[in-house]
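Just below is one structure, and these are the notes that go with it.
Chain nomenclature is as follows: A, B, C and D, assigned in order of appearance, with residue numbering initiated at 1 for each chain independently.
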Amino acid sequence: METKRPTSPAAEEILGSYFPVLDHGFVSLVDYMGTDEDVERAARVSYGFGTRQVSKTRGLVRYLRRHRHTTPSEMVEFKFHCAMPMFVARQWIRHRTASVNELSARYSLMPLLFYMPGREQFELQSQSNNQGREGSAPEEVYREAVKRWEKLRVDAGDAYGWMLEEDVAREIARIDLPVSTYTQWYWKIDLHNLLHFLSLRVDSRAQWEIQQFAQIIAGMVKRVAPLSYEAWVDYELESRPMTRVERQIVSKLVEGSDEGLVSKGGGRVSAAEMKEAGLSKREIEEFVEKLEAPEHPDFELDTQTMCSADEMAAKMYEAVPNSFE
Amino acid sequence: METKRPTSPAAEEILGSYFPVLDHGFVSLVDYMGTDEDVERAARVSYGFGTRQVSKTRGLVRYLRRHRHTTPSEMVEFKFHCAMPMFVARQWIRHRTASVNELSARYSLMPLLFYMPGREQFELQSQSNNQGREGSAPEEVYREAVKRWEKLRVDAGDAYGWMLEEDVAREIARIDLPVSTYTQWYWKIDLHNLLHFLSLRVDSRAQWEIQQFAQIIAGMVKRVAPLSYEAWVDYELESRPMTRVERQIVSKLVEGSDEGLVSKGGGRVSAAEMKEAGLSKREIEEFVEKLEAPEHPDFELDTQTMCSADEMAAKMYEAVPNSFE
Amino acid sequence: METKRPTSPAAEEILGSYFPVLDHGFVSLVDYMGTDEDVERAARVSYGFGTRQVSKTRGLVRYLRRHRHTTPSEMVEFKFHCAMPMFVARQWIRHRTASVNELSARYSLMPLLFYMPGREQFELQSQSNNQGREGSAPEEVYREAVKRWEKLRVDAGDAYGWMLEEDVAREIARIDLPVSTYTQWYWKIDLHNLLHFLSLRVDSRAQWEIQQFAQIIAGMVKRVAPLSYEAWVDYELESRPMTRVERQIVSKLVEGSDEGLVSKGGGRVSAAEMKEAGLSKREIEEFVEKLEAPEHPDFELDTQTMCSADEMAAKMYEAVPNSFE
Amino acid sequence: METKRPTSPAAEEILGSYFPVLDHGFVSLVDYMGTDEDVERAARVSYGFGTRQVSKTRGLVRYLRRHRHTTPSEMVEFKFHCAMPMFVARQWIRHRTASVNELSARYSLMPLLFYMPGREQFELQSQSNNQGREGSAPEEVYREAVKRWEKLRVDAGDAYGWMLEEDVAREIARIDLPVSTYTQWYWKIDLHNLLHFLSLRVDSRAQWEIQQFAQIIAGMVKRVAPLSYEAWVDYELESRPMTRVERQIVSKLVEGSDEGLVSKGGGRVSAAEMKEAGLSKREIEEFVEKLEAPEHPDFELDTQTMCSADEMAAKMYEAVPNSFE
């Protein structure tokens, strides 16, 4: 189709294709509005669509992000079609500044697809992060867990299918499907709120499963608005807040001027001094980590994995119990 | 405690008490800000807390609601503590203009409480409403369903408890709990958005289970802001939109003037004529229903059922597997 | 440009063109995401972009709007560039579910363009609507008002220009510009929230000046999503709520069945009876009006009036004091 | 009044009192919901109102803020009555996650109060910050500006009063009031969004006039939720983001371990090297500033300045033209 709207060729390449995530999930970019140039146009409140120099756009986009002028990045919008386990959906939906249309289990029949954690993801309760996982669980525990999960899903799927056959209301028949069951939705969100979502969900403290979705989405942002993506990595994802007390401490170790920075000779602040200044043991560890050189993650999409809408639709319909629909 | 803040004695009576809903759920009003008088104060942008005549407040509150001036009712706020099955929570959370803090199954141990539909709620898929239920299912189907549910829950609970014993990460151990498992949250919302929630959720087209929660909450609104509650019943809950075509039709049957309304002699509009005017068969049925005299529902709370925070907390903790926490 | 995104040819015709509003204002549709088909796709959570039968889409779009299933219409998005007097901007900005980038008077120089009400809009304070106008003001009052406005604007513009020459901070220099001064912004909003805005702002109770903007925007919606537009006119704009008491009264005058509606012979409800049933004098008047046959407004754009971005930009720059920028 | 709701004695002391801001503005805390303990209760999803150890609450509140777990702080709500010049109101209203009821100039008569900048605030356009001010303007320019402003306000006030006498619609009569005219509103917002507002508006890059309002509001937050206030100062207000490149640079100058931090001997990164690493001239300046020891601002309220609602109301009514209302 022809359009006068701003268009991103790199986004058009993947538009409407489906990227698999986990064992039965997916993310597809199905529409977008605007690109980096539209962030600039909104910030300048300028007229018409004329071509800008990329270098000027980059400078402005980075300035805006550095100074938390976030409203211009609300001017770019994304629409995704996604399928994920319900426990992931329940974390995802907490981001309220988005539009969602989810498959209704009151109205539709649910595909009987369940998330099965891989061996590597089957870990123990973390000691350092009370809501995370770390350290592999024993092999036999994993095998037993898989056996139990498989049985539970057969039983839950059978009960669901049987109730549908008995014409029990769908909204009742589904109440014992496990939260590992895949659901799906359309999700529409602007660039500003999407980057906030990504900052929280590609983070290692997010549940591993939702990280996988966030990483694919980050790769899609890179294609629609590459300058905004780059600024987000530099100024948010790999940025760390230096708190009031941390700044006091660093000011004893480093000195700055127009000519550059120098480390103050013999500067030293002991853990005991940091504690006295108000930092907890946990905060001191976090502080030391912040001062290490950051990684530079990349979220480039692997287009080898993508498939068509028809293929994905066929796979889903196959998993619906019986041939009702 | 003493306070200079606006206070509602009827709300104070139930503040912090827990009202049971379904087999293991509850709603408790734990805080509120403002009353009907604060709706008026905001609408008038007036100074100080002085006492108003109730009759004037009532007139203004009704005027505002009739004319959809909704911003003043954002000035009253409610905070609830609620427990509900996850499938209800997933419907509830779709109302985005609220603040929520949910029990985290990544961090906490889940009480093993599951919703079991009663005999009367176990109905067949509705033929007229594609997402609802109607007509009792056979007794033996109900008995078989209960048997299957009971087994599924024992198995899912055992698997969950066993994984916790093996120190598997909680965020993994919970993935096969059914969506009938009870969760809980703090929920804070303003009066305007709460009344919108209630309009949708006390409605007979909402799933029966969420209606039970909405009815209790409606009773709580009645205690905090009785005039707003009354105006909502009159102008929203029991109001029906008369569409463009419906107004055309009614204007052929009824005539109005300063002195009142009269039915036009021999006025008659056949179903065929209505169809020609653009109404579908379904719309004609809905139109006929709108023209019937409305019910006048009441949502008075039954204070006999309420219990203390301590009692409710004890019941919940008892259902947590083992004595870990 | 080529795109795989859903495209509306009728919208492309006007995309990026500027429609004048009032004496110096404008509205331009600068981008859009999705069409009526995307409302359907989201409601069905369906795969791919395949062509639908228009008749099926129309039926679903109308069903959704009639039953207030509003989330699918959040899936269509609009972006506008608009210029309006500040007192209009202050009413407009109260719609919070939109993204806005406004020309900053701290950073930029303001074009010295002021709104001058025409003779026909110069009316007296309304007696029936405490916030509106009705009835022409005397000719000589209008002439005197114009004279005063012209002088005030020359003085305010001179003071502004003089302070800029003296290099006074722009954020201070602008503090005595009148609220009739034109400002401008980019405004991005989804279809659901836009239709709510339009319902309130094409209404005759809105200030006449903002109605002019809303009417142009309604014409733009008609080009992007014509079926949603039509459903909005039928089920919202020309719909009226029939309240609890009004339904009681109507049920005494009209009787419905499968075969149609008939007026009850000799049915009559006097104003006194309506008052007794709880309606105020004002409500009775409103009720009588609701029962009259509705109008059927149209918001077709007049494409003769539109001009290019360059023309509009030139006009604005010309009005900036001096040649600073 | 007696209440079972959580209550803050320090907030009760100032509740309903009016704090003057600028020449004719004010802020009054008129209601609040919750305190620091309610942030904790929501985070733990715990039952009942029992008293906590302050030390535990403090630790949790700080942990939550450090890790951007912001939802529990949405559980505390504030309501303010404020009066400010319209140009300040236009900046303020950009914060959308709040409820607002503003005095309507369509409905009400406006008090003729205008903001007059003091000598010290009358500064030149900033060279370093394109939207700010810096450096005193000449005395004679200030005197001339005051003269012009005074005349403009007399003329605008006269025109407004005259049109009201001629019974011109209020919504028209007010269109040439300057944006320095004071308006007022009720403003309700939760703690999370309020702290975000304060971070942006007590900042030296915000317009000086809105900073004055933000500082008073910060003092009110300190009384309702002192632990959240303290955590905000430490982790947000006086925190600075250390970006990806800045972290690379700092890691060459400072080394951390369990025992503390030491400056690396002879560590030196020149401005040229920083430029090569990707920092602009402006970013280098900002970086040097971040590494300086922070200030520790305080926003303690001066209760000497506060007055009663009646006094403030009298002052406002006096400024309304004539004695119409």
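Heads up, the rule we're going with is that a contact is a pair of C-beta atoms (placed from the backbone, for glycine too) under 8 Å apart; a residue touches a chain by one contact, two chains touch by 3 or more.
Note that the coordinates shown come from a computational prediction; the quantities given were computed from them, not determined experimentally.
When the C-beta pairs in contact are tallied for B-C and for A-C, the bigger tally goes to B-C. Our note on geometry: chain B versus chain C, Cα centroid distance of 32 Å, whole angstroms. The distance from the centre of chain A to the centre of chain C, with each centre set as the mean of the Cα atoms, comes to 36 Å.
Shared contact sites, meaning residues of chain D that touch two or more other chains, fall at 71, 94, 100.
Viewed as a contact network, the protein chains are fully connected, with every chain touching every other. Of all residues in chain C, those touching chain A in their complex are 1-7, 12, 15-16, 30-34, 38, 41-43, 45-49, 71-72, 74-75, 77, 79, 81, 99-103, 108, 184-186, 188, 190, 308-310, 312-313, 316. Against chain A, in their complex, chain B makes its touches with residues 85-87, 89-90, 93-94, 96-97, 100, 104-107, 115, 117, 121-126, 130-133, 137-138, 141, 144-145, 148-149, 151-153, 155-156, 159, 162-163, 166-172, 174-180, 207. Put simply, chain D touches chain A in their complex at residues 59, 66-68, 71, 94, 200, 205, 233-251, 253-274, 278, 280, 283, 286-294, 296.
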